[in-house]
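Two complexes follow with chain A in common, the first pairing it with chain B and the second with chain C.
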Partner chain A sequence: GVVLRPFLVMESLDGAARTLPSIGRLSWGLPFGRAHGRCGLSPSGGLLLQKNLDSQAVAFLLRKRWALYSVTPLYKFSSAHLKAYAKLLSAYIAAEKQNGLAVEVGVELDIKVAISCLPDLKGSEQDEAAVLVQLSLRPQASQKKSEEKVVWSGWFCSVCGDDLSKNMPADFTCLPVFLANGAESYTSIVGSWFQKMFDCCFHHLAISPLNLSWMAAMWTGCKLEENASAMELVFSVPSLPQSLDISYAIHAEDAKALWDTVQKTPGEITQEEVDVFMDCLYSHFHRHFKIHLSATKLVKVSTAVASAHCDGIIKLGLSRQYFIAAFQRKLLTLALGQK
Partner chain B sequence: MLQSSKSPKEPLQQHQKRQSNLSAWLKVGSIDPEKSVQDHQSLNDQENDSKQEESLEPALSYFATVQDGVSLKKSSALQRHLATVESIALQRGLPPEAFNVLLSTALSGKLADTVSIRLLKSLIPESVVPETSVVSAVSWLCVSKCPSNIQVLFLRWLITVFDFIDHKEDLHALYGFFFFFLQEEKMCPFICHVLYLLTRKENVKPFRVKRLLDLQAKMGMRSHLQALLSLYKLFCPELVSITLPAKTEIYFKDAEGPWKAAIKTIRQRRLENSPVPQPLILGTAQPRPQKRKWNAQLMIPASSTNRSDLEEVREKNTGLYSTDEYFPVELLQTFPQLLQNIHRLEFPSRMGSVLTNPLLLHYMNCTKDESVYLRLHYWLGQTLQEECTWCVVENSQNEEEFRDFLEILCRAQCFLHEGLTPCEEFLYRNLPLWDGLCCRSQILRLVSWIPLNSMYDMKSSLYDPLAQLFSTSSLYFKCSTLESLKRLLQNWLNWQMVHVDSAADSQTLNTTFSGLVNMVAELIHFVGMISTVALRLESNHTFLMYFILDFYETVCDIYLKYNMPLLIMPPAGVFYPVLLAMDPVNLNQLCYIMYRYRANLVAAKENEHSEKEVQQFRFSSETYKEYNQYITAMVGCLWTSNAFQKDTHPQGLRMDDELLNETGVKELKTSFNIVYHPAMIGYAVQFLQQAWPDDTTFNFSLIKGKKWNWYLKYLYAKGLEGLKVFIESSISRVSQASYNKAENMET
Partner chain C sequence: MDKAVAEYIQATLKKIPRHEIKAMLQKWGLLSENELQTINFGQIKWKIIRDIFHLCEGIPGGIKEVGVLDIIYTHAYAHKRTWKAYQLLTTAEKETVFFDIRDFKKKFKRRLRLLVGKVIINFKEHEDNAIWIRIVWGTPYGEQNQYRVGYVVYHSQTPYVFISLSRYTSNLPMLCQALVVATDSHDICTMDLQGHCLNSLKDIVFKTSDQNIQTSHSEPVKDHSVEPESDLRLVDENRSSREKTQRMNQQIFGDYPLPKLEHVQYKLLTMFKSNPKQDVLYQKEPFRCLVKFSSPHLLESVKSLAATNMVDAPLSPLLTALVQRPRNHFTITEKTDSMRISESLI
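For the complex of A and B:
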């Protein structure tokens, strides 16, 4: 890979900004149907989260790779029945695993299912509380003292979807983003059960280069801790016999400085600003390597806040302070917009 | 009975099907007993010829009173009566009253096992099996007077004739007794089968689930236990969970025994003499083979919801619907079942499964519950977007599957007579990216179901992308598109007829009536525009004209047929090419359409004057003017030969005399009418050949006066009905005048 530590080139900025057509406010979220959400990055979205966040409750969410799924509204889901759901799901998993043998619901099984609410994990008061599903292996009888080992976890969340939650018809619960960590086989069993139980459907979410560049800009804009790790963008070069990836690393503070000059209104991001930001990075790269990154495909963005891969895998950053704050709204629009 | 199946759901289906077939047969038997008696008699007459007819009576009374332990070898009476029972059973089946005696004899162990077995084997019902006889047989079973092989034989018999038992309530009450027999290892598979047939929701109890699970633990995976357990799960998912292996094929061992064939034969004999239509069973989709990939199954089989028992406060329905027992959708197989259970039916756990199930579509049509549609819409929207082959690159191999899916959607929409919103959104999103080839027929059919009360802007969502594809695609695509737009127009018009009529105040609709009229008008103008373009691009192709005129055949009658005050003439770019077309079919069709326009305009004019219709819309004078211009041109082309002089339409045929003179055509004033028109000249030639066989000069000017009228009749006889109604309505006076003139001239 090619690694470059760029310095900022300010003069290119204004020129680029002038030549770009005005695209205006982000509007690609929901071209058809459902609610048209405001998609600026309003401060309330993330801040509310930070205040109430119980560090214990979300610690497990950090530093893991999460596969992203979008989920249609759950029909007749009720957080009052989580225990009963857990029982059914646990029997379902056991029945799936021993194909053909019936399993009694409610008895102790090898895999324990816990379903719980994460009431703190929401962007606004209207949002549904996030729901966490955890599968753990029951300790063997011989090693009684050993702890239950979590083998798979997944959580549903709805963040900053004020309009969505308000417009949801009765009997439906909107938790449009699902993140799973663990073996795919468990994801499929749990997903099938939810699909059957609540008549919803799951679809794997891929993240387009356009969305990745949005994430790059958003995460760059987050306040930095000391010694934040560099921002890294990975590009893949298409139509080559052998795959060639270009890795482009930028000092976090440099990237932030660039973004601060691009962003007009703090707390809001427009497509135009994102384009300018990326174009600046591209032209800088071109100046040094004579490679047009705009002709390649952005496949991965990684910053101190979080990282995202075009395959729909994200990893929450090390910093709890910025936990999801920066991109949950993004995820929501992703999940709904299906772009 | 339930031997082979491809999926877990099938045993139920087969069972249900068989039941309904048999009940249909029973009906035949019970409706017409005299006839069937006659049949038997005639049958017996044939077979027994001079032999005296056998009677069952003595045999029955013999078995009712027979002493214990009579030996078959030693008692000729026993031999004779047993033979009588067997032969009657095989010939015509046993009457209901025979079962009690014979079952008791066989199961009480009075006689030797061989006799019991022979008796059991001959228990072939003529019509029904009385429940009482079965109940008493079960009580014999409980006292265990007979060896296990006879018990098993009885159970197999019971399974085979289950659908012939006249009532089953008391039998259901014996559920616990049957359940007890599960512990008998030999009987277990058959008991499972009997229980499978008997089980109702109230029978599924935690202790029974425990017992079955214990059995499973003891015996391992057994298909009969799986079947029963999966039925238990169906009724009470909160008690037990089971996933059936995809490969499971045999649920119950062959329980048919010797009776099945005999029953079939007797049934056959009966049906031969009383033909009845087979009961209509609405088909359900074959479940697809299970795929390994998670979530890759496009169509979902219907399965019951697990939810009902979790609800803490379950809404207790009152009055007519006071039953808290749900009818599992898996058991729903026939329309009569739907009617009987409609009050206690619940939609399947996944609404997507209704698409392939006509019965559930019927049910969905009856429901007002918004959430039903929402559930379907969420799923459909997501699935369409995810599976769209030309949008998701990795999906390119799945085109066939996607096509099948769209096909199912088209059929479902046709069945429901309405478009589903997700299909509409799917079209708007994906038409701009469509190549016009992939799943063409399905996509175009989806277009024709776009709802009239759509919330979207048709121009940017539908017309613009469609116009781009239209003008760059083949002739065939153009014709298909026109066809689908014609259906769209018809669907819209039908929809507004139903909905505007039923909701006289169109407040309930999202749009006002004039909004709907505008939408229809916009569609017609769009089709007019693309038709003009297409005629130019395809050099006035006959085939294309046919489809365009087909569209206008609906347009011209909107006012009279669909009661919508809308009348839009075809644009000049369509009208004139057709008027000057080379083939008579399209010209004839144009005449018909113009005739209908006239009828609609006349009706509108009359309604304008009537006081009742004050609120009616008026057609603008422009419309009348345009119609008159077209009529002038048509009369000029078909009758008076003065189209070049008289046509006033700005895009019309009018030409300066100087220009006309340059053509060098003599007798301009008489040279363009139904004789000389390029589409008609073929008829004129044939007419000349028949009228003046000797004349080879093709003197068309001979067709005038009386001959002119003959020629007209000749054309009408050739099937030019459109021309006929047009001439009779629009040129009648002229025609009459010229006819009179001709008469005068000849006299």
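For the complex of A and C:
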């Protein structure tokens, strides 16, 4: 289920009442992630991104831990006013600091806010461009040459959702996934400002074992770079007096070889295929240890492409190919499915 | 004492919990009882450290003396490091040779210095015949770095050595060679056993060797055949079979407290055998996996896991090997129709 962050709840209860449509109330009929649903990984979406992925603008997204949130559509948000928003947010952060609410934020250090577009990051032409928010510390007078240090970043993105953009009422912008990297106190301040400003609400996204196994299959199927790191599944064994974790790492080539024989149509994944894939891995494990992994809880999936933890923490782009297309689609499903 | 030395004392003291500082300083013995009495051990920690720091500045002594304090700390807090067990291989007649500790120290120091150059070596003997050796490795520029420290615990009456090198594993071959020379052994091999709890590692290693002595030709671990196809049906166990399982687990794990290990690792180099119904992956090469179980108290966890219906009875030989063999790193290969736990030597 959805974990509501305490700092967001007060706002969102209020906001949700006024804000229509909330994502959950629209029925977009996304089959992804549900039993026996079928989903095409849009090749166009993949290519669109791949072409631009080398750009410096998105390099910072790679190799960082991102906390996942779902966001309801933003009301009266315009990408033409990003500079003005940055100023307002900057003032808001300063005010919060003065009120002493944000204890963890450095008091004497100035926070600079930058909000920009990431036009490269979208699944299809119809999608809204991703929006990046960055907080950096201004260099102090004493350290003249030092550069600004980014202390927190967060980005909103849209996900191959042609239908979403078409069906969105006027004045609403759909950027349903939000990813944050940095201290939670900053996430809290930035989140509450967006809620006040654009009448939206944020929900922390947990990732279910079912979705984790989808990600495992999806990322395993991606074309491999040489010496790609192994696909690792981490299971936690419930209700033992002492905690017990089982890490099951499969050589990337062997995992892909298995997936390639399971997947029937390249570019498409079905729930049945994901189930067969996981069953195969479980029974190989059982042959050795006589332990039923299906009775434990899958908590983490990690591949060369990306890693995801059930707590809603993801790490992107250990490989530059494919990932965003696959990833964003999955994120969208999560963002919509968990409402 | 020069400044660098005094600073290292500070760093060492910082690791020690406040209420243990006095006792450890007394064991250390470099500061006299009178000097220690001038310090108020009731005040907050940084003030205690500051006062000791000032005291130390006034006394003679070098970095070697501080090393002893670090050994005392590490002896008490051995679980903060990762220890690996090694076995010295000797020819039968050499085992009876009387162990001369002075000779051991001399040979060890000489050989290690020959191989690595500048190192600082501290020895401290403990009551249980254990010799603790602390080694400060040099940097490529010749300077020793007090923060690059390795530990060796050697039980002189046994062929077992426990080594904790942390990150500086490149020195391992040289260290092993020095140990081989100093103990008149002909080789040293890893036991594929590691963990944080040094005493548990000792228990595992010594207990196994005791058993070997008692039943001089103890039954070798059998090659366990693997069931032809995995059976995913959760067996509806009746009471008697459940009791039987419990009895069997009891036999495997015993009644005594289990030694403490944090992980076990299996490198699987076995074939993937698919369900004929599924028609997936057919390859002649092994399906390469690495499986790691981790827990604050692994053997207890595995024991309680074995009692649940997440595990089919009887317990997998790979899990029982964990209890029966003094090791926690295994390589599993396929041998015709059975799985084999292969030994690996360094």
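For the reader, a short list of remarks on this structure follows.
The criterion applied here is as follows: the second predicted complex is superposed on the first by the 286 of 339 C-alpha atoms of A that agree within 3 Å, B and C clash if a C-alpha of one lies under 4 Å from a C-alpha of the other, contacts with A are read in each partner's own complex, and residues count from 1 in each chain.
Just so it is clear, contacts are C-beta pairs under 8 Å (C-beta built on N, C-alpha and C of every residue); 3 or more make two chains touch, one makes a residue touch a chain.
Everything numeric in this text was worked out from a predicted model, so none of it was measured.
Of the two partner chains, neither chain B nor chain C is touched by A:129.
In the overlay built on the shared chain, the residue A:172 is in contact with chain B alone; chain C does not reach it. Contacts of A:197 after superposition: chain B is touched, whereas chain C is not reached.
Once the two complexes are laid over each other on the shared chain, residue contacts for A:80 go to chain B alone; chain C is not touched.
In the superposed pair of complexes, A:240 makes contact with chain C only, with no contact to chain B. In the superposed model, A:62 makes contact with neither chain B nor chain C.
Once both structures are placed on chain A, no chain A residue is touched by chain B and, in the other complex, by chain C. Across the complex, chain B meets chain A through its residues 209-210, 212-213, 216, 221, 225-226, 229-230, 232-233, 237-245, 248, 294-295, 303, 306-307, 310-312, 349-352, 370-371, 374-375, 378-379, 381-383, 385-386, 421-422, 425, 428-429, 456. Those residues of chain A that touch chain C in the shared complex are 230, 237, 240-251, 254, 257-258, 261-262, 276, 279-280, 282-292, 294-296.
Considering their complex, residues 31-33, 70, 72-73, 75-76, 80-81, 84-85, 88, 91-92, 94-96, 99-105, 169-172, 184, 187-188, 191-192, 195-197, 199-203, 338 of chain A touch chain B.
Those residues of chain C that touch chain A in the complex are listed here as 226-227, 230, 232, 234, 266, 268, 270, 272-275, 278-283, 285, 287-298, 300-302, 304-305, 308-313, 315-316, 318-319, 332, 339.
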